[in-house]
Amino acid sequence: MDKVMPLRDAVSGYVRDGARIAMGTGLESCIPFAAGHEIIRQRRRDLTLVGAISDILFDQLIGAGCVARVIAAWVGNVGAGIAYNFRRAVESEVPGPLAMEDHSNMTVALALEAAARGVPFLPSRTGLGSDIVHGHRRLREITCPFTGERLLGVGALELDLAVIHVPRCDAAGNAHLWGNLGITLEAARAARTVVLTCEEVVDEAVIRSDPNRTLIPGFLVSAVAVAPFGSHPSPTQGYVNRDDRFYDEYHAETRTRDGFLGWLDRMVLGTADHDAYLARVGRTRVEGLRPRTARLAAPVNYGL
Amino acid sequence: MTPRQIMVVAAAREIRDGEIVFVGMRLPLLGFAVAKATHAPAAVGLFENGVIRDTPPAGALITMGDPPNIAGAVMCTTLLEVMSHLERGRVDVGFLGGAQVDRFGNLNTTWVEEGGRRVRLPGSGGAADIAALSRRTVVIMQHERRRFPERVGYLTSPGYGTGGRWRSEVGLVRGGPCRVITSLGVLGFDAESGEMVLERVHPGVTVDDVRAQTGWDLRVASPLSTTPEPTIEELAVLRRFDPDGTWAG
Amino acid sequence: MDKVMPLRDAVSGYVRDGARIAMGTGLESCIPFAAGHEIIRQRRRDLTLVGAISDILFDQLIGAGCVARVIAAWVGNVGAGIAYNFRRAVESEVPGPLAMEDHSNMTVALALEAAARGVPFLPSRTGLGSDIVHGHRRLREITCPFTGERLLGVGALELDLAVIHVPRCDAAGNAHLWGNLGITLEAARAARTVVLTCEEVVDEAVIRSDPNRTLIPGFLVSAVAVAPFGSHPSPTQGYVNRDDRFYDEYHAETRTRDGFLGWLDRMVLGTADHDAYLARVGRTRVEGLRPRTARLAAPVNYGL
Amino acid sequence: MTPRQIMVVAAAREIRDGEIVFVGMRLPLLGFAVAKATHAPAAVGLFENGVIRDTPPAGALITMGDPPNIAGAVMCTTLLEVMSHLERGRVDVGFLGGAQVDRFGNLNTTWVEEGGRRVRLPGSGGAADIAALSRRTVVIMQHERRRFPERVGYLTSPGYGTGGRWRSEVGLVRGGPCRVITSLGVLGFDAESGEMVLERVHPGVTVDDVRAQTGWDLRVASPLSTTPEPTIEELAVLRRFDPDGTWAG
């Protein structure tokens, strides 16, 4: 089944106002910025964003007014610390109120894994004694039915959608991933459906040559959008390195609300699509992020 | 030699050979590199994004997800799999930072007061997990009075809570901070009460300097010692991994 | 750290009488027969064997008198159905009594995953209504602390040891695996330590060229024994195909206790080590199990 | 045409296009291949050992772990990950076999009585999980009286238990058998009572033949129909995947 479509159609078809969406599940790599920017351009509203470490994508979506709620362990700028739009929204309701459901990396991952497995909760030994748990809707102390110990119960967190940027996949959405995986696999299985952006679509023979490299099966996926540099400024191993400077520039420019609005107009609202965004960043700059050396995986034989 | 170099080397010395280390970024990452290259060649580093390495990264890093931290890693997997080693009790030592640390080693990375205003910080990330589940933790902080309140306003990552047997009372099965490495000295914790104790001051720093930057009546070990200076070997390794002094300059 | 040692030393050093050991975690491939045979030769006793689908290795160890208890979902002959030694032990206490803790594949996997994560139990929706659960020491009905639903609680199953056959690893035990994984990764993390047998030991540069292929980290591993064809008669993808005929021969020959004792003498007790076992099977026959065609995984670039 | 060929094709017809199928070995595996090649090209097959395939295996299989089932698979992963799709409710149909099936579709693969002696069978494997968690299941059995007792002595894999609302009463959230395909006919289940009902007999088989091999007073649908014969296309596919008739001969 061919699920390849323009990113614009993937977003208009599968990202609904009010949806609960995981993005940035790679933690600090493979962040789906191209998809996030398209969500901003299509002015989606009242989204609940789910993540562990959010990179600056959450900050951009919050500043653009797309977000009503964040469920995450860390919302900042992975290059420079503070995420100003997040702070303005939480502290001063600018551009609007933002509800925050705090987690640790582990509790948000377990909440997704519970949903991925179809169980209402999972137990853990983390979180005990942390103020994160106080009055939490999804985290509560439980008593172990086997040992009587005190444990943390982590309630399932179902997703409407996971938006995931991958190195390569076939047209049916069977995706090869490499590099650190973060909470990507849990989010994919916890979601009602998945939208993939990818550096390249490959023939299904490439995927089937290495089934252990397939970490997201196509039957979870509804749409595949080809978006080279789709994780910029975050890296996608072997395709694009981190644009470190971008994080510092964003940090400096978004310190004020007006600064952010200028950034947003120039980089997102004022660019028609991801190609136009990349042109705005600068083709030379972007091409300079391509890996300079190849490091190929040792051969593996599936022969019979 | 800079205070940050002293901090990095002090961090390195907290890692024993063969240990499983939850590394973190910046100073502790450099500390891990120094330890590996000197006294702890068999140490293994875990990163919560899913990376397991037993060599320093292949280049400079801003985040643990940067390509030089992936290339040449021993293993790349999920956050939950790495965290399973932590929860199972396989992680010997975890490094933590934060906006604030209090008298009982509790960390706050969520909400602080600044000038009467509540300021929202990025949040826990993996810190609450590492603090709860490592066999021991080492905290690395700039030693400033606003960062050392008597009691954190928001307890993100548990130290010894209100002291004594608090950790086991709330259900934590192990761990707690063993060391706080600051820009002024090195602090430990009283085994009974869980209270922070100044154990070492960096060369040229006095007890009064430390007390002036600490928000409570800080206990001081007797005898108090001076942090040993980095060895030539340690400094050489540090220069190799941080040639521009970006992190430890 | 170099953990490579002869299989004899790995077994004598790490397999203790009375230990609880997972073997055959690949379900029907990568079954560690070479290690199992060495356990028989060294006459280990009172073992508890843990597995999902056990292949015929459990049957051999039971018949040889090494086993006091089995914790598994299926004990048979994957080629031919019935495992006669298992039946004789359970039905007639020959060669001795055998305690059986029945599971489904999922409950034994979850019991190991609980131990791997260091939590005392995990909840599931399987098992409800099955007689497997009745009076079970490790499976019990619980009430969900979030939803009030009835769930199955699966108690943690800690292992003393996991014995795992892998395609390749380095001297420190960092192992590349491919093919279906069964319950291998859960068992490795649920165990106090791991003994690996492998088709080949490779340079650590091979492992580090592809960190996503590493599925068992060396810090879990105590010993690495090189054992080409170490999974015979079960397959190891890309190294050796299944010896189908072997399962039928075993089935026919072990129908009686005397028949099994003859088989055991000829194939295991009468062979000094795995090389001698392979010679007994027949070098030509064994070499005929090598893959005839290569199927190489598509290249992957970790460059930066 | 053999009874086994009829069974395989009947199994194939239980798979709808695009469905996620827990396949199993032998007859159902052939059924999956026939369905893929005819009316259900988009079906995806899951195997509990961790394999996900959307094409038939690259060669003959004895077990789902055989190299031809790995080579060319879409994905190879862990048992628990495949089972998570099952538990989450993503598996549309699961195929099951067993030593015995009873009036309410419960399966026994653990302990049977034979000649007054208790005989130990291999056990559940993944059958109890597939029976509990698939959206529906299809049972494939030789139709022999000893295999069709009124009530199984050991309930390994749940059907409708004692009937009626038993599944929801014990906490099962979905599923149950929709079809039993035997060497004599095809049976369904009454939607209210959960009792097995004979719906079709294979060509040349009578209701009395079926009753004689069934251990209780079997209900018969009215009207009863005859299992449609395999089409030329279906038989051609079957011969392609089982040229020697090893499985469906």
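To keep things simple, chains are lettered A, B, C and D as they appear, and every chain counts its residues starting from 1.
Criterion: a residue touches a chain if its C-beta (ideal position, glycine included) is under 8 Å from a C-beta of that chain, and two chains touch if they have at least 3 such contacts.
This one's a predicted model, so the numbers in the text were calculated from it and none came from an experiment.
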Check your understanding: Pick the pair with more C-beta contacts: A-B or B-C?
Key -> A-B
Practice item. Would you mind pulling out the distance in Å between where the CA atoms of chain A average out and where those of chain C do? Key: 37
Exercise for review: For chain A and chain B, let me know how many angstrom lie between their CA-based centres, rounded off.
Suggested key: 28
Practice item. Could you put a whole-Å number on the gap between the CA centroids of chain B and chain C? Key: 40
**Study point:** chain B and chain D, separation of their C-alpha mean positions in angstrom
**Key:** 56
Practice item. Would you please write down the residue numbers of chain A that are in contact with two or more other chains? Key: 117-119, 124-125, 149, 151, 178-179, 181, 185, 212, 237-238, 241, 291, 295, 302-304
Study note, to complete from the structure: Where chain B touches two or more other chains at once, the residues are 51, 67, 70-72, 76-77, 87
Practice item. Check the chains against each other and report every pair that touches. Key: A-B, A-C, A-D, B-C, C-D
Check your understanding: chain A touches which residues of chain C in the complex?
Key -> 117-125, 140, 142, 144-147, 149, 151, 153, 155-156, 176-179, 181, 202, 206, 209-210, 212-213, 237-239, 241, 291-304
**Study point:** Residues of chain B touching chain C in the complex
**Key:** 20, 42, 44, 51-52, 54-55, 58-59, 67-68, 70-77, 81, 84-85, 87-90
Practice item. State the interface residues of chain B toward chain A in the complex, per the touch definition above. Key: 47-51, 62-67, 69-72, 76-80, 83, 87, 110, 117-129, 131-133, 154-158, 161, 166-167, 170-173
Check your understanding: Where on chain A does chain D make contact in their complex?
Key -> 1, 115-119, 172, 174, 185, 189, 207-208, 211-212, 214-215, 217-219, 302-304
**Study point:** Complex interface listing, chain C residues touching chain D
**Key:** 26-29, 52-53, 72-76, 78-79, 81-83, 86-87, 90-91, 102-107, 109-110, 113, 124-132, 141, 149-152, 178-186, 234-235, 237-238, 241-242, 244, 247, 291, 295
